[in-house]
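The letters A, B, C and D name the chains in turn, as written, and every chain counts its residues from 1.
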Amino acid sequence: MPTSEDFTVKTLGECRFPSPLNFPEELYVSEHTRIRFAAEIPNEIGSDEELAFEKAGPRKNIFFDPNETKAAIVTCGGISPGLNDVIRSIVMQMYYKYGVKNLLGIRFGYKGLNPANWLEPIKLTPNDVERIHELGGTVLGSSRGHEAPEVMVDTLEKLHINVLFCIGGDGTLRGADVIWQEVERRGLPISIIGIPKTIDNDIGYVAKTFGFDTAVAEARHALQCAHVEAKGAQNGIGLVKVMGRDSGFIAAHATLANLDVNFTLIPEVAFDLHGKGGFLDALEQRIRKRHHAVIIVAEGAGQEFFQEDARKDASGNILHNDIGILLRDEIQTYFKTKNIPITLKYIDPSYIIRSVAANASDSIFCAHLGRYAVHAAMAGRTDMLVGRWHDEFTHVPIPITVSTRKKISTSSALWLSVLESTGQPVSLKSVGC
Amino acid sequence: MPTSEDFTVKTLGECRFPSPLNFPEELYVSEHTRIRFAAEIPNEIGSDEELAFEKAGPRKNIFFDPNETKAAIVTCGGISPGLNDVIRSIVMQMYYKYGVKNLLGIRFGYKGLNPANWLEPIKLTPNDVERIHELGGTVLGSSRGHEAPEVMVDTLEKLHINVLFCIGGDGTLRGADVIWQEVERRGLPISIIGIPKTIDNDIGYVAKTFGFDTAVAEARHALQCAHVEAKGAQNGIGLVKVMGRDSGFIAAHATLANLDVNFTLIPEVAFDLHGKGGFLDALEQRIRKRHHAVIIVAEGAGQEFFQEDARKDASGNILHNDIGILLRDEIQTYFKTKNIPITLKYIDPSYIIRSVAANASDSIFCAHLGRYAVHAAMAGRTDMLVGRWHDEFTHVPIPITVSTRKKISTSSALWLSVLESTGQPVSLKSVGC
Amino acid sequence: MPTSEDFTVKTLGECRFPSPLNFPEELYVSEHTRIRFAAEIPNEIGSDEELAFEKAGPRKNIFFDPNETKAAIVTCGGISPGLNDVIRSIVMQMYYKYGVKNLLGIRFGYKGLNPANWLEPIKLTPNDVERIHELGGTVLGSSRGHEAPEVMVDTLEKLHINVLFCIGGDGTLRGADVIWQEVERRGLPISIIGIPKTIDNDIGYVAKTFGFDTAVAEARHALQCAHVEAKGAQNGIGLVKVMGRDSGFIAAHATLANLDVNFTLIPEVAFDLHGKGGFLDALEQRIRKRHHAVIIVAEGAGQEFFQEDARKDASGNILHNDIGILLRDEIQTYFKTKNIPITLKYIDPSYIIRSVAANASDSIFCAHLGRYAVHAAMAGRTDMLVGRWHDEFTHVPIPITVSTRKKISTSSALWLSVLESTGQPVSLKSVGC
Amino acid sequence: MPTSEDFTVKTLGECRFPSPLNFPEELYVSEHTRIRFAAEIPNEIGSDEELAFEKAGPRKNIFFDPNETKAAIVTCGGISPGLNDVIRSIVMQMYYKYGVKNLLGIRFGYKGLNPANWLEPIKLTPNDVERIHELGGTVLGSSRGHEAPEVMVDTLEKLHINVLFCIGGDGTLRGADVIWQEVERRGLPISIIGIPKTIDNDIGYVAKTFGFDTAVAEARHALQCAHVEAKGAQNGIGLVKVMGRDSGFIAAHATLANLDVNFTLIPEVAFDLHGKGGFLDALEQRIRKRHHAVIIVAEGAGQEFFQEDARKDASGNILHNDIGILLRDEIQTYFKTKNIPITLKYIDPSYIIRSVAANASDSIFCAHLGRYAVHAAMAGRTDMLVGRWHDEFTHVPIPITVSTRKKISTSSALWLSVLESTGQPVSLKSVGC
């Protein structure tokens, strides 16, 4: 075992010069800040005060009798790379490791738990799922929206399901929580286990969700195309819209992976379109100076523009819920007014990003998530999801995870890196008029 | 802020059944094990006893006067995806953020620090490095081996270099340590900062090294090809050799990413070729049952076979340092002896794996490494490298990091996942006979 | 040399059964139809009546004195994969093979030939173009539209340019022809050589244009994503719009490369939206039967809908020039009216398709085009383009090539293959109402 | 219809300068050489003397009664991208278009036609083959070598097979011819139809075989890696071996697609290793001048070295059948002797190249081949293969096609382009010494 001494870093001497970086104060790291070596809190020490997650993994004793267990899997919400990897992993782990052979796939999300929708669950065997990880999407189908919890729990009872794996995002997890409450009300021994799926990577208390890594890679490709388009014309502008309803993680990471982006617009950072110092003004400066520009915008950015005034409604409601279309039109109009000819190419690669198969990194991650979900279920855990924290897999109660959304802090190293990479002004709010 | 209560997971009841998994004891997770929420140890609490890394990041005050600073970058050892990303990031950060404009690239590794080799350093400006991240390899060139530290430090002095960034693996970092010792002996204020580069991901006290993610993705592709070849012939065998001199991380992760592998052979797990229960016997069982097989072997696996006896030396020394070739020949011979016709396809994708450009994830990671290396150098740190731990960037003294190698523990969840995925016997050591 | 005897195919006997294929009459091949072995008409035989192209290639004697020659390259219109490959090839061939070292790149299309636009041409050397084939787009920049031929020829004269290579589509080639007419009027010995660039592959008398092969590959990828989206939801519909203003070659080939498409809509085949047997009716049948559908539409398809009536103008002019948006909206409305819930995902990958670098096949093709263009120019050819016919490179006068557009014949084997692959009705015109 | 006039190219005037290209005489194109517009010979004109292929396509009347027809497919030899596409296409066309529902897949090549090998044929339905085009390799399995024709025809008779589709290369087609001879001897109405499969693209009288386009793309990728490796070290050498037993088409096209290759070695062009002007001497010049080099060698190149003398046998027989290994060792030895340190990386990507799924272009091509093979079979053709000539599909008697091999002529434009691109000496034969 190493000692603290081993971890002590040598320095050449006193730091006498003020840093030329003009970073916000909170971004400087104190000379004494350290990162714990051990992620795990040892059992013997009863440090109950320290905030910590239950560690995921196989338990020596389990709650369910494998011979009496029947499990079902449901996938909800938009598709995301890796869904089939998770399904495959759950089936393989249940079947071969725990000997649970009664496995069902619920069709098209929570809809499939309501008999009124005529969507018979399908049996899942290792043979059925062996090659599905090579495909994008979900072989079970998906849907948005909920069914009445009473109806869904009736179905669980009728089908003798003991374990329900809910793969989905914020809404799906809320749904799982509601199902659990009905299960609890009835006093049933049914385990409800979530596997968080959000391509946006914005689930609270979970460091990383599956599909995000693949999505960033695909978004980078779209940015490369936008850059080629922008450079191919005089005053060329490439504008790319990516996923990110409430947080800009994909936009920010794709920016860092591509390095040609000049403006990154995310939901967490409000900006003005018009006025001196606003986005359009900054874009004009860029175009005048370099004659091309690349912009990435998360779908949730600038939502405040849609309630503003009637002028914008003129071009139709449909357009106006889409920040990509709004920016495209506003940029066109602005430069037309200024009499500066531009060539703008707008790229919306969302469905291409999310429908590819998982990349290698996500495939591995998904297989682990499936395994840990099975361990948790068999050990009788419920109303929880499998998370990731400090490179370890964790159990996280669903209520705490849906109580908040992970967002990019403007004083984080991540956002600072984005500002560095783009060279965009710290603020795109207009100053005066 | 959440409370411990929020993190408490619900359970359905007592776990009364023994787990049917026959895992080694140490793999079961106790019911009480938890993962810390906070990676960082707060400054105010002087918990000096806890083992922890110095946190990387910008300091408010710095050691070097940017106007007087001259930095150099050297890349050593085998190429790895992301080298150019790191070079680019260091140059951009130094130039634009710290205002250090005197930047040199040392040519072809430590060789370039010995004037006897006639390899003039090249000037590096943002313009020179702007697009290099799109290329594999290193624009500076690389080499293996060392030069005398006295000669190298003479060169540093002569060129007035204050900061030397050494990008390389174990050997390179040992070299950096030796350079530092000479610098220290002379009492020079020169910072020696390492950026760990090992495609094998086996550097001690560093959770992840750059290029690994890309390498696993490429290795997965080779496995897909091996699987197609194996299925294309009766008794088809696909054999893939990947990097991994001392540890099998690439082989293990590629196995998990591909899921068609039947045997994963790594340096950490000794195996027998011959005898009942040995590798060839197990392979025969597989071939008899399923008529095809996929094998992945890390280059460092089975090195014990090369000292064994003279019989193997007959076919030449060069062949016999290569476990891939040895396995290929042994398998061919074995099945010939057994009179079982097989079709074996041997794939050695090493140079294809390591020479591609970094994927999106590695690109982002490399850019961060470069930034943190610059922060560390400017703050006067030395004889350290930039590491990654619990999703944070850290400072790690070089001596502790080169004192050990990260290896796959056979009782780790990683190895267990590999066994599960391949279905290979826990041990491939022969029993008796 | 083989003889006719060698080429005679054996048959088992008389064909007594009528074919069960219900193909249009003209698609059946007569028993006696043959394909010529020799593409080339031998010199000695003066078969002047046979229609034939001048063969491209190096001539033993050339028109221009290399020492006195100065050449310029201009790229116009939308970008297409391979533009940089062609530029590179011209420069390399001119410089190294013909010893012509005075080479200019005209910036941003024909605009760069008008001094009023302040776009100084750039010098092009082998060193400048060595790696540009790895990038999408054009390093020279491009633009649409023309400048006055007098002004452009003034510029050619002022810059002492003897050869102008015009890389572009229909409009560009018309422009080249107009430039030539002005050159001819002035009696100048300036060669105007076109290299046809149309990602749509619709240039007359040219079998294949560069970028098309790459575009089809990218479009296939978008279709794969659309299929995943369609299968991921109950009554899921994936709708993809691709390039093809006047012809549906990309749509047709992408359909054949993907094989999951159910409807291929192209400019050459008119269809109705409404009414029994129209597109929406056929789509409804498909959805009712299979619960998912994939549609590809070329941008030039269904243009007749845009003049139809005022109802459509309500949602704005911009929308209504876009068949993809129109179809998206019409499908949504139709199924809403029918009270059939659908999930439609609309993908417009155009800018992602056209901005990638050329694939291997296109790279080779572009390099050849560049070489043959140089041979033609040096041999004093003018007002012509380099074409491809029967696997040979040809010289084609620009006037004949711009006089027509290649289109898909509905009685061609290509369209028949599309119908077979999609299973769509031969006609999507409504019958009655 | 255009006229000859329309096809006449304008020239600026007389070609008075001799071309500075020092091409072999036969490469210059005469001023009068032309390429025929029409590939097809019109039926009405009985120009029997002109050499021509029978045109492929559906016939109005067919030989076989679909209700009585049973067809089988066999895949032989090494795998190639597109095999599954062809299988899929035959099944779909037979089943849906001709209504032939009795379709069998022969397992593991001709072996599967000998009952002694216990390889029961499998039934093939549209459902079985629907998604197989997404996979590399062949779902039927393959093998090399023949079975006795009597035994195979016995099997055809016993299984009541009327049509046998043989997908394979030169050896497979010879086998098909032998099967046909036995069928003919017995006077059976069984159609034997070949679909030529050679990744090397060297089948006589066939312009293009499937898989070649994909293979070139993959080989280009390997060359890019070799180039990165070569540039990454001082005196770095990247050596890539590709397929090409008798002809160098893959090596030549990959060279043209990559443009970084310095030496292309193919079976058609003999070279010396040693002596002034030989390969090693030329390589040394390159290394001394540029300090890195990329070499591609076709597997069939330099086979003359293996019979030469005993000296080479010293390092073992296995090594010496492999030109890649021989070159690797000879280069190492040569530079060691010369005391020039080099870093050589040897890449053999063959199994990675041939096992990928078909790219878009090959997928389309394979689907067409399958369709035309079915048309030919149903029309009672036999002992022929489906070829491609002047962008048309053709019927080619197997005897003529196996009587010769397509090879690269050193006086072809293709080889000249390779010489231009590599800059290698026209001859690598040693002079004197």
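Just so it is clear, a contact is a pair of C-beta atoms (placed from the backbone, for glycine too) under 8 Å apart; a residue touches a chain by one contact, two chains touch by 3 or more.
The chain list, named the UniProt way, goes like this: A, B, C, D = ATP-dependent 6-phosphofructokinase.
Predicted, not measured: the structure shown is a model, and the values here were computed from it.
Asks: Enumerate, in label order, the chains that touch subunit B and subunit D alike.
Replies: For subunit B paired with subunit D, there are no chains in contact with each.
Asks: Can you give the whole-Å distance between the Cα centres of subunit A and subunit C?
Replies: Once rounded, the distance between the two centres reads 39 Å.
Asks: Counting only Cα atoms for the centres, state how far subunit B is from subunit C in Å.
Replies: 46
Asks: Centroid of subunit A to centroid of subunit B, CA atoms only: how many Å?
Replies: 27
Asks: Residues touching two or more other chains, restricted to subunit D: which are they?
Replies: Residue numbers touching two or more other chains: none in subunit D.
Asks: Write out all the pairs of touching chains, ordered by chain label.
Replies: A-B, A-C, B-D, C-D
Asks: Would you pull the subunit D residues touching subunit B in the complex into a rising list?
Replies: Result: residues 79, 107-108, 111, 119, 135-138, 141-143, 221-222, 224-226, 228-229, 231-234, 238, 315-316, 318-319, 343, 345-349, 351-352, 355-356 of subunit D touch subunit B.
Asks: If we count contacts the way the header does, which residues on subunit B are in touch with subunit A in the complex?
Replies: 2-4, 6-21, 23, 27-41, 43, 48-66, 92-93, 96-99, 133, 180, 189-191, 205, 207, 213, 216-217, 220, 253-254, 256-257, 259, 359-361, 363-364, 367-368, 371, 378-384, 389-392, 394-397, 399-400, 413, 417, 420-421
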